[in-house]
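Pasting the structures in now, so scroll down.
You will see chain A twice below: alongside chain B first, and alongside chain C after that.
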Partner chain A sequence: MTFRLAIASLFARALTVGMTILAIALSVALFLGVEKVRTGAKASFADTISGTDLIVGARSGSVQLLLYSVFRIGNATNNVTWESYLDIAARPDVDWIVPISLGDSHRQFRVMGTTQAFFEHYKYRQGRSLTVADGVIMDDLFDTVIGADVASTLGYNVDDPIVVAHGLASFTEHKDQPFRVSGILEKTGTPIDRTVIVSMEAIEAIHVDWQGGAQIPGQSTPADVIRRMELTPKAVTAALVGVESPLQTFALQRAINEYPEEPLLAILPGVALQELWGIVGIAETALLAVSAMVVVTALIGMMATIFSSLNERRREMAIFRAMGARPLTILGMLVFEAMLMAAVGALLGVALLYAGLVIAQPLVDNAFGLWLPIDAPTIREFSVIVGVVCAGAIVSLVPALRAYRMSIADGMMVQT
Partner chain B sequence: MKQALSLIALIAATPALAEDTRELDVHEHGVGALNIAIEGTTVAMEFHAPGADIVGFEYTAEIDADLAAIKAAVATLATPLDLFVMPDAAACTVTAAQAELESEEGHDEHDDHGDADHAEHAKEAGHTEFHAEYRLTCDNPDALTEISFDYFETFPNANEVEVQIITASGAQAFEVERDMPVLQLGR
Partner chain C sequence: MLLGESGSGKSTLLSLICGTILPDQGTVNIAGTDVTALSGGARDRFRAEQIGVIFQQFNLLPFGSVMDNILLPLRFAPERRKRTGDAAAEAAHLCTELGLPSDIIQAKANALSVGQQQRVAVARALIGQPPLIIADEPTSALDAGSQAAFLDLLFAQTKAHETSLLMVSHDPRLGERFDRVIRMEGIAQIDRTAA
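Then we have the complex of A and B:
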């Protein structure tokens, strides 16, 4: 009886109730959405590099080195000389080493110089290798391999010509050395998707006629002359290193960090990622706290609407009482109404979240390279729903207790 | 004239530049560092701790009591399983252990320096560090789920150990503090 009355009463006030439910739904969707983005970002960062034991770069900070070498965020403070690179490569405990040279760009995408070994040793998402979706891995000096996002954004196909610019966001382009797209990589969900990969020699070749950041006027070396030149790299931005045995990792790391000829830094990618999360963690917690606050605000909004509805429903309550409803029944009805609103709101919030995810997933992936997985609701989501319903019940107790005390005296008094 | 002056300045500065590169490791009292690498049944560990944590002083030991303290500390540090207790189920045994005291300037590369020079450096920096390396064999490495740091009981001046672990699944970092002297590896 109470349930039927409560539901009928809610329907009678469909507009205000609908608004309250919408507020709760939006707040719950926001709260769960923040959580999704947080875990999604974490997973996608952690999945970007695996199988690399050490990253070597100029001495700076471990987080900075990780960010510029793997995530292409920020810039290197210094380069590593080719001599130092060869010295490290020659150490017996180094199993493999892959150089990375950054600094040039193609449109909004970074150009990375590396060797064939990169395709062999770079692993993402627990040991997956890069695969070519179309074409082949570069084998010529002027070949490039482009990431999936580069291809889709710029509409490139295999064999298309490509011009590489010097420096980031620079307008001077290296027009005379046209590169060719030799392969397009499979989508990885890592910064590789937004990278143009060329050989180390190609990076040198681009700069043959360049001095002090500008092209030497009137000088343009033909491609076939460049091919005959010795294009030994002078420097690398960073290097990925694999060790022979994990037992040697710390010794190699220390040897590189104490390398007397040049200030170098070797980091363990996993540890640097953890450090990064230590920094980001504060912002994450703040974000989560703000979204939790939004849920609280929505629930307080519901309390306010119940309070104001009490005014409208003074007569209604008095009639219930006169018909023989006990004060407890009135209280129960109001609390049940609130729980129902909260539950519908929370469920609608979850539905909104999934609808939002379906729409936003490809957009977020394109814009930020962040893959938000659409999984079945977890215990976490259920506990949020249950939490919101309980909080709704508790919040509604305040107006319900008021109604409990006032229902008869208030409604029976003649007021106009 | 100006050019000549700058040339003289350059010549005067050159010997200082040519001497050697100068660098100093970080040194924080109360904080030690433990690196653990596990491959198959072999566990390699290296441990660094400031002299202040282990023996309570970092000056050059000259009196007998200090020398004895250092000797005892080195002997204690050479028994890793008493300091970093592994679960019995892992069945770990020490195959090699060595510990030593090194001063900040005590790197071997400084062969060209005289001994007097060396001692002076150590006094200037005033920091010493204990350094230990261990190699263990654990018959059942999967049971290596936690490490108890009895180290904190043995050395009351130590407050924290920064641990880095490399396993087949990658590298991880932990901080183990005096209040919670157990490292959960959760493998």
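Then we have the complex of A and C:
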């Protein structure tokens, strides 16, 4: 009955209690939201590439190679010659190899040259393959397959023409060699969604009339003529490699890193991702710490609310004391009230988080390509709720101990 | 009846009797029990089991129902609770005896009139038949007619429940209605240090 009366007492102070609970709820929603974005971003990055044992590029940094080859962030400082690529491809421990050629763009999207093998071997989200939502994989030299975001952002359909620009953020276009959209890929939640994919030969084809990064004045080779030309690539930006046996991965990596003909770098995608997390880890921790401080602030707000209510509740405490309640019972009631407020606040915070996720999920996906999964609450979320309730109990001890002392001093004398 | 002016130490004496404060020296004996010799917890339990309290302004918990308020002392007094038997039925019975409407039992205390609050406060003190009822100036805010009616009710109930009544008042006119009147100036000397 005492605890029922404590709940009734909370209801009697509905406005201040409600505001306190709301503050806790918002802080918990923020904390868990940051956590969701953090884990969502991590999962999204980790899901981008799967089943690739090594990524090979010109020697630079492993994180840089991972970023430009897989995430289309930044640029390669150098290319890998076609001869080196063929040399690596011919090694007996290489099961498959897929070349990637980057450098050109279409509007705000990167253009990537590759081979048909890319669609066969590129896997994301624990082994899923790319599938075509509409149309087919490139059939002709000037065919292109576009990612889901490219299609939806630019309103492209199969058979629409695409003109590729030279380089990134460039006003110079390969107008003489327009492409045709042959297929649109299913959404993957990876940078592929924002990529225009063409064949390696097509990359060579659109640069036939170019030299030293500029178009040769007055030269425009007709498409039919280009089709009959030898279009073997001269270089690749990077290559995705699958090994025959996982046991051979490190040996192959070492061999490529010590390749005598040119300076190359082979990285394990998982290890490079870990390195990347190591770099962004500090910012990530800082963000989490700030949101944890918001939760602490809300709990201190609750402590202040309980403190400020103590004077007006002296009558209530004196009645309990006169009826035989021990000072410890008064302390227990205040701690129980605080735990209840913290628990309701934390649960409301979780509800706000999920409501926010339902609303924000498509918006965040469209704006940042970040897929925030709406899963059932995890053990971590439950532990946050339990943690908030425990922290609520701890901070409430300060006003509760004051109430304890007041109830001893006041006894059953009602202070009004 | 304990009679004394304001500041004569009446409330302090009540707190001593109830065991919520302890004397610097001497003992406090209630029905053969030296409450000063009891531990803090035992004093609280003794108060809950042995004493029913009626405050000056009745002081019900405003957010609790009439039932909650009447049953509150039993929460801290297991023997009194056992004596009561069916506590809810006893609370309803007390309400009827005190002239409260039968449907009032679930009403919130803050929705009651002053007269109803008086009666609920009496019911709360009487439940479980504690041997002693302490009433701290319960009639001070009432007019003469209401005072008489309230005392009639209180005497009738304490007699029916065979309970002793110790009432504190500063009104000497009420003295004639009590078996015994103790004047504070006759038993206590108040020395107050100037602030």
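Please note the rule applied: the second predicted complex is superposed on the first by the 370 of 416 C-alpha atoms of A that agree within 3 Å, B and C clash if a C-alpha of one lies under 4 Å from a C-alpha of the other, contacts with A are read in each partner's own complex, and residues count from 1 in each chain.
Quick note on the criterion: a contact is a pair of C-beta atoms (placed from the backbone, for glycine too) under 8 Å apart; a residue touches a chain by one contact, two chains touch by 3 or more.
Since this is a predicted model, take the numbers as computed values, not measurements.
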item: Comparison of chain B and chain C by chain A residues contacted; value: C
item: Partner chain(s) touched by A:12 [first = chain B, second = chain C, both, neither]; value: second
item: Which superposed partner A:304 touches (first chain B, second chain C, both, neither); value: neither
item: Which superposed partner A:229 touches (first chain B, second chain C, both, neither); value: neither
item: Chain B versus chain C as contact partner of A:247, first or second or both or neither; value: first
item: Partner chain in contact with A:136 - chain B first, chain C second, else both or neither; value: neither
item: Complex contact set, residues of chain A against chain B; value: 50, 53, 245-250, 258, 260, 263, 268-271, 274-275
item: Partner chain A, residues of chain B touching it in the complex; value: 20-21, 23, 35, 37-39, 42, 44, 46, 109, 164, 166-168, 170-173
item: Interface residues, chain A side, partner chain C - complex; value: 1-2, 4-5, 8-9, 11-12, 315-316, 318-327, 329, 411-414, 416
item: Interfacial residue positions of chain C with respect to chain A in the complex; value: 11, 14-15, 18, 20-21, 40-41, 44-45, 47-49, 53, 55-57, 59-64, 68, 71-73, 75-77, 124
